[in-house]
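Paired with chain B in one complex and with chain C in the other, chain A is shared by the two complexes that follow.
Up next is the complex of A and B:
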């Protein structure tokens, strides 16, 4: 038997699948175990055979980046093996995600709880960015929580590296509510700022317990952003009118943020505004956020083990994007969520990532 | 720059010093694809031995004594053939106008593949085409398969795709590759911070250094040294004085002997093999390749039949198990629980072979 084949078989024998815990069009997730230790794991089986162009880009991105990223706040890829035309990713088993906790009305979040989740998110993301990797789909649903309360960034199906300056990147990434304005304006060269905007939206959502800026279409989303933050000016965002898909939506004044975030401390508001700066170059980096006074001042962040936990075990998670042709443009945004689905999401359809601008 | 040329492989990058690990040192490339020259030779020699023995047996099973008429490839002949096809990759990439990233990655993939496989099982021409196609995807330069094969003579989409899984598997699904070209560019940027530098001369040297980086891909350098070390060697070949000045400015003059070693490796090994010799090896390969991998051959058909039988038996067992579960409890959902939440109908079974 070939070396590669033998190694693959050995990998396959290290794990067993037990129960199906999620299903999408092109992937199934099982709860499983490590045979030698009984350690619980999640096994994501990606059906590969049906793609016209072979292994699809989502699977390739996820495998490529998770192989390299080892950090307490990034989901750990334990093993990879193939079987027939299926690719199996063995991942650490995680109970719940941040979206479930946010929606669980039984919990009251203390400021220190929010700080703890923010710190873990920024730590994991700082590591990704230090490794020149953009996540490009941060949202509460992709921040998973381990039984011990640790937060792990998951789902790297849209991630890419940004080592080559000048290479054109797609602006059709990030779930709409967490997508920064430069992407709506068609920016093809961008950096870590896109993820930082998402972090800002998540931060606001943790405080508000509902999505902060939830537009129903791409155009609507821009209007929602401008109403929340005031429309950008040449001063707050130099050059934005030159972006390829720029649209003039008129002038809206900036409302005072503390009107909405009544309970937020001054440092919290300051950091939130730095995440949500229009100029991507001025937006705070993950590294600087870690040194921001919000995270360094009292109260100390809650220890992960003391954080609010989800009452029920996680059921089926919606699975990553169903890209048909590896071009990242297969799924259009017409299914974009009107109302957020319940956290015990029985979503079968493609994930609600808008990958196409639709100014309708 | 990583301090040592030849760390013991598989040490997980844990260095004795307390300094934080560089990004390169936590990469899969560093952890799983670094070897000493001796390890590389040993590995290739053993793989060749095992392959020859296995193929001999296949022949003997068909007709006793038939294998001694065959002249099998030696491990260095295998390597020569791989190298020949490595030289084709830049041409193929030029044809498709792929960026250098694709070229560099595909060449690494091809070399890594043949640390796990023998050319007698898998012909490098086909593996090369798949390696390039896979590299377009891992570097985020995807292209439709029909478009890709349209420019390649005598090649169907299936020829490329049928090996994709095997190639990815042979790479242990470790798809990130650190190329020396990027490090060479980094040195170019860094040179510009030197107090005195002649832009025109340096620019010329960069072009030459880039050429040396390209030919270094024909060698084993990437398995033995760090990309930054290879890049420094390429720059040294292009303009020794400039590179030495840069090293001094960085306080890394101690690396010079090592850089010279790498430079001489690039000069010695960084050329295409003699075409006539490669053609001869390729011709012999036609006779000594593994008949189990030759479509339509007796041995191939036998192996296919065996595999088919195994799969059928497995599927049958699974169906029986499912039927039994249903008989025991007619209201049972499916043998693997949890599926009913996702709309799988009761009694509808997942008939995949591998659960």
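Up next is the complex of A and C:
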């Protein structure tokens, strides 16, 4: 038995698996425990061996980036080990996500609650960006909440590093409702702005309690964005007509935001508008957002332990739909089981995003 | 046909005079529910709620209807001498009149106030709480304003805007009380209501939750006190019966002709034992009381974690930014296509050429200073 094998076996013995709490095409999530301390963990078992291309790309990304990121507002990868032909990721156990809280009508969000969640999101994201990692799939569903109220950014399956000048990046990322306009226009080089747009959408969703800009198709989504924010002009976004997939959808004037966000304070509206600027270079960065007046002014952000918590008992969290659908042709042998799963989980229709992989 | 009583129902409701043949014709003319002269119950003594619904409704019982022996109705000049059951009510225009005047004037529908001429309805009259009607008016205005202007200090970005808000509320209240610019003031209230509908609703919910918690705490307090009083009473009772029993034992002992000295000694020992036991019991009860007190205090303490001001960073991982100075430009053929001044496809999507340099340089210097060598002092030349 060589050293690597022995280490792997040791890692495996550190954790125990308990009940299954979620299943997708490429991964099964179990509830587990650390043997030595009894600490609850989530174990994500990634099925390997049934794909022609080898290991699932999202798993590689998740391991690659999470191993580097250690921050209170980013989910912690505790361990990785393989068992038979499966790869197991041991993650921090978090019992709810922000989407559950937003949907639960029993909660009334105070302005300070929203501020607290925004501060934690920006803090975690700033850390990722400082370490040159784009998340590229931010949405309430991927912002998990610990029992003590801490918010943690999770699901780095679509993350990648940025600033590499030589390589093109895919524009087929981020769940549609949270995707910025430059990706719809086919930009193949982008930066932190894409994540900041998603944060702006989440901020608006926290205030409205419904998704702010929800389009049925990509084209529809662009129209929804323009209706909400006015169409971009040469002043608001210089040169946007030069992007590869630019489409002219006509001129729409910008409606005043105050009409929709009646309860929002002036600094909150200002920050929201800076998140949702068309020009990605002018869009506020996570670092600047952390120092924005909205977060520093009164009321203070709610202490995490006092934030609204999910009332319902822990239930299986369905994996993101894009993970469930799989990549079509990539899987042939397991077709029957795959179809059944995607049909049961398919009610999140509009949230799907075609996940294209880049091998460059 | 109209005379046929069996078909009377076909005609719909009939006047009592024409349907006198029907057995159910004893119905009175007055509308049910309104206290007309016919079905009005006898008026109670002043201060008790009578036929009017608008009696003071205060479950705590601390607030009572105001009445005075010198009361005199300003409309009919009846006083308590002529009508011992005199009860004066206040109109929405803040004029007092007695119940019989109200019945007389407003039973047949809205009518002008005999004092100021404002059109009033019977249902608008309320019981008087305060002797001074100006106070009465101010209280009701403030109650109305507080229902909608319910923002708290937490709802404001800073102290200044909260102060401005309080100022505005006070301004509106003053205008309403003193009748200054009424239409404009009402318009301001309506504008505020429209702009803050969601927040007002949320605050009402928050206030009701807080009120419920407060009530629960009070209830708990009351129960605790009652329990304590009961315990004290039982203790006293036990003590008395014990003493009684002892006295009897002494008498019985003496009756049986026992040695007086021995009986006395025994009783004294017993008394000592009893006081010791009582002391123990008292100590125990003290303990129980203390624990009950903390148990009572616990729910009130649960929300003490204070909200702290926002902190931008929670980690101390530095990006190495303090170790280098980025040049405004580098000779970099790889990223040449992404030069910002070209305004090419590369930059429009949000790509920053400077970031690629920043990353390269910061990654190069990040590890410096972590080792044992004092290399953090080293000047790093990151020029091309």
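Throughout what follows, the second predicted complex is superposed on the first by the 318 of 360 C-alpha atoms of A that agree within 3 Å, B and C clash if a C-alpha of one lies under 4 Å from a C-alpha of the other, contacts with A are read in each partner's own complex, and residues count from 1 in each chain.
FYI, contacts are C-beta pairs under 8 Å (C-beta built on N, C-alpha and C of every residue); 3 or more make two chains touch, one makes a residue touch a chain.
Keep in mind that what you see is a predicted model, and the values were worked out from it rather than measured.
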Checklist entry - If you stack the two complexes on chain A, which partner ends up touching A:163: first (chain B), second (chain C), both, or neither? => result both
Checklist entry - Which partner does A:243 contact after superposing on A: first (chain B), second (chain C), both, neither? => result second
Checklist entry - Once the shared chain is lined up, is A:13 touching chain B (first), chain C (second), both, or neither of them? => result neither
Checklist entry - Which of the two partners, first being chain B and second being chain C, lies in contact with A:83: first, second, both, or neither? => result first
Item to check | Touched partner set for A:68, first chain B, second chain C, both or neither | outcome: first
Checklist entry - First (chain B), second (chain C), both or neither: which does A:21 touch? => result first
Next on the checklist: Per the contact definition in the header, classify A:39: touching chain B only (first), chain C only (second), both, or neither.
Outcome noted: neither
Item to check | Touching both chain C and chain B, counted on chain A across the two superposed complexes | outcome: 70, 130-131, 163-164
Item to check | In the complex with chain A, residue positions of chain C that touch it | outcome: 153-159, 195-199, 202, 205-206, 303, 305-310, 312-315, 317, 319, 332, 334-335, 337-338, 343-353, 355-356, 358-359
Checklist entry - If you look only at chain B, which of its residues touch chain A in the complex? => result 23, 26-28, 47, 101, 116-117, 121, 133-134, 137-138, 140, 142, 144-145, 160-161, 164-166, 168-170, 172-176, 182, 336-339, 341-344, 350, 352-355
Next on the checklist: Can you tell me which positions in chain A touch chain C when the two form their complex?
Outcome noted: 70-73, 108, 110-112, 115, 119, 123, 126-127, 130-132, 162-166, 182, 185, 187-194, 237-240, 242-244, 262-263, 265-267, 280-281, 283, 290-291, 293-303, 305-306
Next on the checklist: Quick check: in the complex, which residue numbers of chain A touch chain B?
Outcome noted: 2-5, 7-8, 12, 17-23, 28, 30, 45, 48, 52-55, 57, 60, 63-65, 67-68, 70, 80, 82-88, 130-131, 160-161, 163-164, 315-316, 325-327, 346, 348
